[in-house]
Structures are given as C-alpha cells and as structure tokens.
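Order of writing sets the labels: A, B, C and D. Residues in every chain begin at 1.
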C-alpha cells in the first residue's frame, strides 16, 4: 500500500460520511468558537472542517461563572453550552464561515429527542452546513447530554431522529462515562449514523478546601478534557474502531501530530483537537504539517495506508 | 463540632471497619512494595496503615517488560500483579512489617471467587494482618480483575466469599471503568464489606507511532494513575460516599494534604496515596503533617468534623 | 493579536513574592494599549497547561536594540512560581495584545487611578499617558495605591515619577493613610469637591470594586475597572471567562453587535467575556456576587 | 539512599544535544560508588511527573566549599529538555545513590571499558579507580569509546586524561577506528591475545550489549553491563523496571535472598529489577529481546 512519494503527492484527504475533508484535522466543538476567533492565527481553509460550538434550539446562557479550572494536564470545565441558539447561529455566525472553502459541521445539543430533530431540520435548510455532530454526551448540562449518552436506547432514539430529519452527514459524539462504549457505538451505527466521534469529557470534580465548595462554583462537576485524558480516549477509540464500519473520529487530549497519529493508527479516520486549541491557537496547522511530514518520511502516500495499523 | 485546639489535641485517628488508624493516610497497593523499600525515607509507624502489593495464591511474574510509561500528569502501567504469592508473603515479607505498630492490610487478587476466598483464609491465619483489600478491579490482568469489577453480581460474589472466609476487615476496591459506580458500591455493602476503597486505574493506551506498537510492549493497555485522574476519582468517591454507610477510602492522584482533604471533604474517611509515592517516597508524611496543620489552623479538633462537609 | 516568541531580559524580585520581568517583544510592545493584557505559556510541558494572563505594565526600549514589555507579577501558584525561576536568556511564548483596555474620559478634569497589589501594573500605561497630559496641564492625575502591609507595597517609585499626586493607603497603617484605599477615595472626592469633574480607573480585587460601587453611585462618578477571571483561551472562543453584566448599562456603553455579550431571553442581565469585552468594564456594567 | 536538595552550579553544552551539569550534593558525592545512579525530579509540576535516572559521572570538589556531582546527559525528551534550560542557582531535588554498580574484577589484568554516547558517563568513576591502580602498575586500563559521528563524540578528553589506552571508534569513520566499538573490541582481544586476562565493563544501547554477547562467550571474557529501563520509583517498590534474566547465571553471581529477582515457577528465567539488582548486570545474566 505504501509507495515512494514526493512533496506534493501525500494525500491527507479522508471521507467522513458524505463530507470530503482535505485533511483529517478539525477543531472539537466548544474550543474554537465560530472560527472567527482564530482568524488572526490560522486560515480556516487549511482545516479539514470547522466544528462549531454546541448549538441548541433556543439561546442558552450556560453555566454560572467559574467555568474552567486547570487540573494537572487538563481542564475541568462546565460551560453549559452557552450559545446564541440555532437561529442566530444561522443569521450571525454562518455567513462568516461561508466565505471559506471548508466544510462546516454543527455540533447540536438538546433536552429532548424532538429538540435534536428540530435543530437538525433548521440547520439542514441553511446554506453552508455539511454535517451534524450530535452531542449526546455533554456532561455539564443537567437535563441534557448525560441522559441520552449513558443509555443505549436513548442514544439510538436521538441518532435515529436526527437521521430522519436530515440528509447531511450525521455524526453522534459518544461520552466516555460508560462501562462498555462499544454498545453505544453499535447503537449509533444501527440508527443510521454516517460517522461516530468520541470522546467528550469525563465527569470530574475539584474542591476548594478552604471554602469547602466546588472550584467550579455552583457547577458542582465538570468535564475533564485535555492531555490528561488522551490515554483513556485512545483506548476507547481503538475499541470502537474495531466494532463499527462507519468512520470514527478520535478526540481527547490531542496536542501534536504524534498524538493525532496515535488515534489514526488505532483506527480513527480523522481527529478533533479540543482543549489545546485554547493554549496554542495555531496547533491544528502544526498537526496537519506534522502528519504530512510523518507520511513523507515514511514514504507513505496516504492516510488509508496507516489507519488502524496499530499492531496489537 | 469544631473547637479550639492546641498542638497536640488534633485527633487524626479514624476507624476503618475493625481497624483503628492513627491517621487517615495509607499507601495504595503496588506503589509501596512491602514497606521495606521506603524505610530509608519514612518511619512506617507514622502511617495510618500499610497496604502491600497485590497478593495472589500462587506467585506471579506479572506482565512483560515495558511496564510503565509516563503520560501527562500520570502513569500508564501494567505490572500484572507480579508478586511472590501468599505463602512467601507470609514467610518473607510479613515478619518485617510485624516489627512496626502499624496495621497491615493485604491487597489480594485472584482469577476465581474460590481463589479470593482461599487467599483470604490463608492470610486470616497469619499473625499481623489486619485487613483485606480486594482488588476486583485491576485492569491489567487478562483473566483477573476486570471481569469481576464491571459486573455487580460478580462483585457481590467475590466480596461475599471473602467476607465468609474471614473476620478481618474486608475492603473491596472498586474500578472506575463503569457507568454507575454506585451500583457496585451498594453490591459491596450488601455482601458485607466493612469499607470500600476506590479507585483503581482507568484503562488507557499509548502507541509509539514509529513502531506502531503499544508503548507498553506486549501489554496493550494499562492502568492510568496519578494526578491526571484526581478530578475523576474525586467525583466517584463523592458519589459513593453518598450512597453507602460503610467508610469510604479515597484513592486517585493524591500528591498533597490539599488533595487528601478534597477527598475527605467529599466524604472519604481515609485516603490511599499511590503513584506519587514513587516520585516522593516521603510524601505521605508531608500529607499527614499537612492535614494536621489544616485542622489546627481552622481550629477543628478532628476529622469527623470535616468529613463529607463539601457544600454541594 | 498575534504570537510572539520572546526572550527574558531580566527577572527580579521587587518585594517578597512580587516580581518584575522584562521581555523582548517588539511587536507586542508596539501594539499594546493601556489596560490590555498578554497570555503567556510558562512551560512547554502539559502542567501547567493553560496560558497565564498578565497585564502589560510598561512598554519600553531596553537599549541595545531591544524593545519589549515589562510585567509585574505576584507568585500565587504553579505558573507564577515557574515564571519566577526563569533567568535571562530563556524563551517565553506570548500571545497579545488582548482585550479591551481603558478609555480615557476626555470630558473629565481629575483622573484618579485606584490600584491594589498586582492590580497596579494594569494602571501604569494609562498613568503614563495621563502624566503626559498632566504635564501639559490638560488634566490632573491622582494616584491612589493600596497595600495590605508596607512590605507588600510595590511600584511606589514608578508611580511617584509620574506627574500626579500619589496617595498611599496601608491597611494596617504606617503611611499616608491608614486603612482601605476606597475610604481614602471617598474622603478625597468629598473633601476636594471634585465629584462632577472626575473619572476613576481601577484595578484590584473584586472586594475593592464592590466597595467602590456605593461611592461611584453616591457621587455619580464614572469608574472603569479591570476584571479578572480564569481564562481558557483569552481570545473569546471557550466562553469560560464570563462576567455577569447588567443589560441596561451594557447597552448604554457598547455597540452590542461587535461585543461578545449574550443576554438572557428575559430579564436584565447577561454574560460578557472578560477576555474580549474586558478586562476593563464600566463599574455599573458588572453584577458582582453572582 | 536519601534525598538531597541540591543546587545547580553549572550547566553547559558539551556537544550538540549533550550537556554536563554540576550539582552541589555533598551527601550523594560522598556515598556514590562507580555505576550507581541518582533519580532527579526535574520540575515541581506534575508534567513531567516521574523522576529521571542518571548515572553519576563524577564526584568532585568544586572549590569554594562545594562538593557535589557531575552528570552528563543527552536531550531526548521533555525532562532532559527542562534540565538543559536550568541555570546556576536553581534547585533540584535528588534521590541517591541508587542501585548496584560495577564490581572490580581483581582477578583480571586488563580492564576494558566499552562505552557509547551517554553510556560513557556511567564508566568514568570506575575509570578513575582503575586509572589509579594502573598508575601503580597493578593493572592495565583500556578505554573504548563509540560514537555514531565525530560530532556526537563526548568526554574524549576526560577519558584520555586517565592512565589508560583510549581507542575511539566512529561509525562513519574519521578517527582511530571506522565502525562499531564491538568490532574494535573483538579485534583487540583477538590480536592482543588477552582473552584469559581481561574483564569488560560496558554501558551503551542494548544493541551494543547484544553484539558483545558472542564476543564474550567466544573468548570466555566476563562482562558487566549497565542496563536501562523506564523507572517508576528507583527504589524497588513499583516493579516497573524489570529485566528478563537467566536463572542459572543469576544463581551463580548473586545471593538470591538479598536480591529482588523473582523466577518462574518452572523454567529457567525470571525478572530482576534494574533499579535494585542493577543497573549493572553480568552480561550472561540478561536475556535480551524478551
């Protein structure tokens, strides 16, 4: 499968459902705003796709303050899916993104199956949306995510409802807070998902020993993200990639091309970079370059030749 | 409950089943050898208890080499419960520990309910063993831990068998790799556990992108331990402490008195320090001193006054 | 805003726990306005992970072809401890300038800077600007400095070198004023009878701002305050640095379409982003004690 | 073994990527024997988390009342990169001396040190001891140094200053010997006819040791080699630094009750701990390529 290649012939493109990505690197929802915030640092056209902040039917103000605290090697955060709502997203945010030649994937959240379906319908009619990532796993919102993501039947119901509401690429995003993640991946596939992304944050907590209160204030728990979860995420992605036929997108603690390649070797078709975007806004470009260099050095012509080649 | 105290009147003692600990700090199994290894750094008499390396019926050589790799803020390791077996433990290791006035808790592992029971019986007859910590959760051993720890019925069966085999304090140690850890805690309590400790490592993985092999060599996956798992562990301990009546022992990423106090505020009666013992062999003493200082500064006479006082 | 890989030129302790760092950073030095901040990556490791935000204390030409910035910081945790161990020649990765700084109230005559601890550096560049104008007799500059103890008093000399009146208040006494800076502020406005003529610019702990609220409303004095929040990104992407704000006040001061403020559907409040809409806010915009 | 909080006295680059650090550490300097190592905490943060093991290159009196140790290290990852950024005056937390070092074979006449790259520092203290004896004409010292390229050659001067014969082999040529040090070793033993009289002490990559195996067995020459493993604790508690060993050979060399070796129930192998039973092993004890 591998062949000698020159500088330009390394092909980083991959297919994610109906979307063709020019390379396998995308921002993880919630860590890249609506793209605009990063325009001083990178050219959005260089990315595989843009995945925007979690979007709900109605605007949401999100969690109380003290939303993010640093933990060793990561973040504990509870943003509570603050967002402007799907209508203002389409009116105010999408036009900016339409200027670029980059697929836009909208991460959606909801409190009922109907809400997920409704947001999907609205987005499907908007020009410039290529895919829907379904956040069934957001651990921060009391009524939202957790409920669907830890029950395979609820997972199936949400994915099926979104599937029925759109022809766009549908990509449910799994939560790691379960005993056997493969059951959830299978449920998504059966429900008609075009791809599966994982993982969202692990549920975590941090206490200020002086005030005896959560360091996240009134938000008792939060999602643990960042480099510290990478080994956990990698193992889950590896497990899921072995049991489903749809493309798998790896997420969790990626900070470098090496990290991204670990996920690809474990079977991921593409990756999302989350927390580390906040640290180095240009990191995704470094990752794309690094993946290209790796393939060139090893004289491999494309990602298909290495995906899932981890030797277990 | 709190009262003004002088230097000496701070009472750090706690009860763990039938064992009285002079303070709430113990080493986590597998990170303290058999105590002897730390004699140059600390006086074992200063500890709440000593918990020794996981012990099995027959000696075990454990995992292949490449047993520990560093990850951001933690370790990914697969020791595979290398140990000399219960008989040599009693003959060669226990006599050393008997010199000290410190309770000895033996962490046991096994591949069948019967093996757990048998090891327990043998240990119960040995002089100088105060308690049994049941490792139903070791994620490293193919046939061992994982099997019991992710199935509440199997968890119940093991704990019940150990309970029936001994009058010593019985403390099952839970795995975090489950959807709802409270179900497992309840199963342990019903089976007659005197206390519950948690957590063991999260399952994780790391790939060397050049060799395309696990950085743990032939051991594909390992247990993620250390500071990076603390926020995850803390939340699980908090959850468990709310649903059981037996004392809960908090484990996961503890490196300082503050970390230990977070667990105690979340409801833990005592804590175990694991990975960080490997970095600073004297850290448990610093933690004990730090807890004492905290209580003195806040003019609190004992741990009972702060346990579980996290304001949710 | 942009990235600048800078080099430490000097790093010295000003007072126990307070440090000043000099960084070669010509790009950021040229672009920074009073009250703006930079975001520093203190290590190349994963712990500490996030960048740390610091106000630019001063932009200077350090000689030898080096222009750059100075930071004044207090050691409070792991990141600042790592910074204090840095020595001349080490590299440091910066993003900046970030945020929205102070706006000079040209309609006022007396400009009062109110600062405490490591809030003081946020006021210095504005102080320099006001000092120039004061030198030209266009306005009056008053500098009020707060410190818990005399030992924790920093930057006194630097602020005294400006064309202004410097007043220092120490909580436990032993200097110009015994007590809190806010009491000194109230007395000054009251005794000088300048309520109608003055504007306040402040940086310090939230408790100080809260003590200023009744003073500002009693005398109807405008105040700009520089807020702090834990930050993820510093560029408006992660929504972690929110500050509860009052809708009516925000609508009065800001073009809402170019701001990052999001309001409740119903009700009169919302969230602004400290990293984009701030760090400087008008005091009446902020809702304290959420 | 004990903890010693030391201070960096100097830290300089020897060759691209290779550094030498001088640490004030009188306790460890006084206690260390050739081939032993120390375990260094390179930061106070949680990443890098674990201590890093380094052989003591040399124990010295640095003058000015400072005695301590020197380390020679190569930048290979995050920990060593952090170390290379350290400057005089910074603190460093050490545990040492650790492990079991080299044992001088008093029954032999010709003592050959075989070292490559950052394996060389592990041999220097032994070299100093042998050099003294060689000066008294009690034995002969031969030093064989290996480097991939001339640029990566380190410590040449230091080793040449000993009372011994120094031979240098560079993989791509341009010095005494063109090729691998093991080929040079074979030729030397063969041509000098010293097989019955010599003992080898080696430190370098495992590939080098593996190339030595047939030479040692062909000429029946004893060799001690210093092994490396990722370490958790360095004190024998975590069982992560295991090295597969041959039971028969181990039983020949060691008092098994005071060792940390554990054997299979059946079969002829087991695991030794590099941090306690090693880092120095007899070459026939080790089973390579597990």
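The rule is short, and it goes like this: a contact is a pair of C-beta atoms (placed from the backbone, for glycine too) under 8 Å apart; a residue touches a chain by one contact, two chains touch by 3 or more.
Just so it is clear, the model here is predicted, and its values are computed rather than measured.
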Third chains touching both chain D and chain A: B, C
With chain centres set to the mean of the C-alpha atoms, which chain is at the far end from chain A? D
Please tell me the distance, in whole Å, between the geometric centres of chain C and chain D computed from their C-alpha atoms. 54
Where the CA atoms of chain A average out and where those of chain B average out, how many Å apart are those spots? 35
Provide the list of chain A residues touching at least two other chains, using ranges where the numbers run on. 72-74, 227-228
Multi-partner residues of chain D (each touching 2 or more other chains): 45-48
Assign the assembly's chain-to-chain touch graph to one of these shapes: line, ring, star, complete, other. complete
Which bits of chain C are touching chain A when the two form their complex? 1-3, 41, 46-51, 95, 229-233, 235-244, 262, 264-265, 270-271, 290
Spell out the residues on chain D that touch chain C in their complex, using ranges where they run on. 43-48, 78, 81-82, 85, 87, 89-90
Quick check on the complex: what are the chain A residues that touch chain B? 71-74, 76, 150, 177-180, 202-207, 209, 211-214, 220-222, 224, 227-232, 234-235, 238, 253, 258, 261-262, 265-266, 294, 306, 309-312
Spell out the part of chain D that touches chain A in their complex, as residue ranges. 45-47
Can you check the complex and tell me which residues of chain B touch chain D? 30-33, 37-38, 40-41, 53, 58-59, 61-62, 64-70, 72-75, 77, 79, 82, 84, 226-228, 255, 275, 277-282
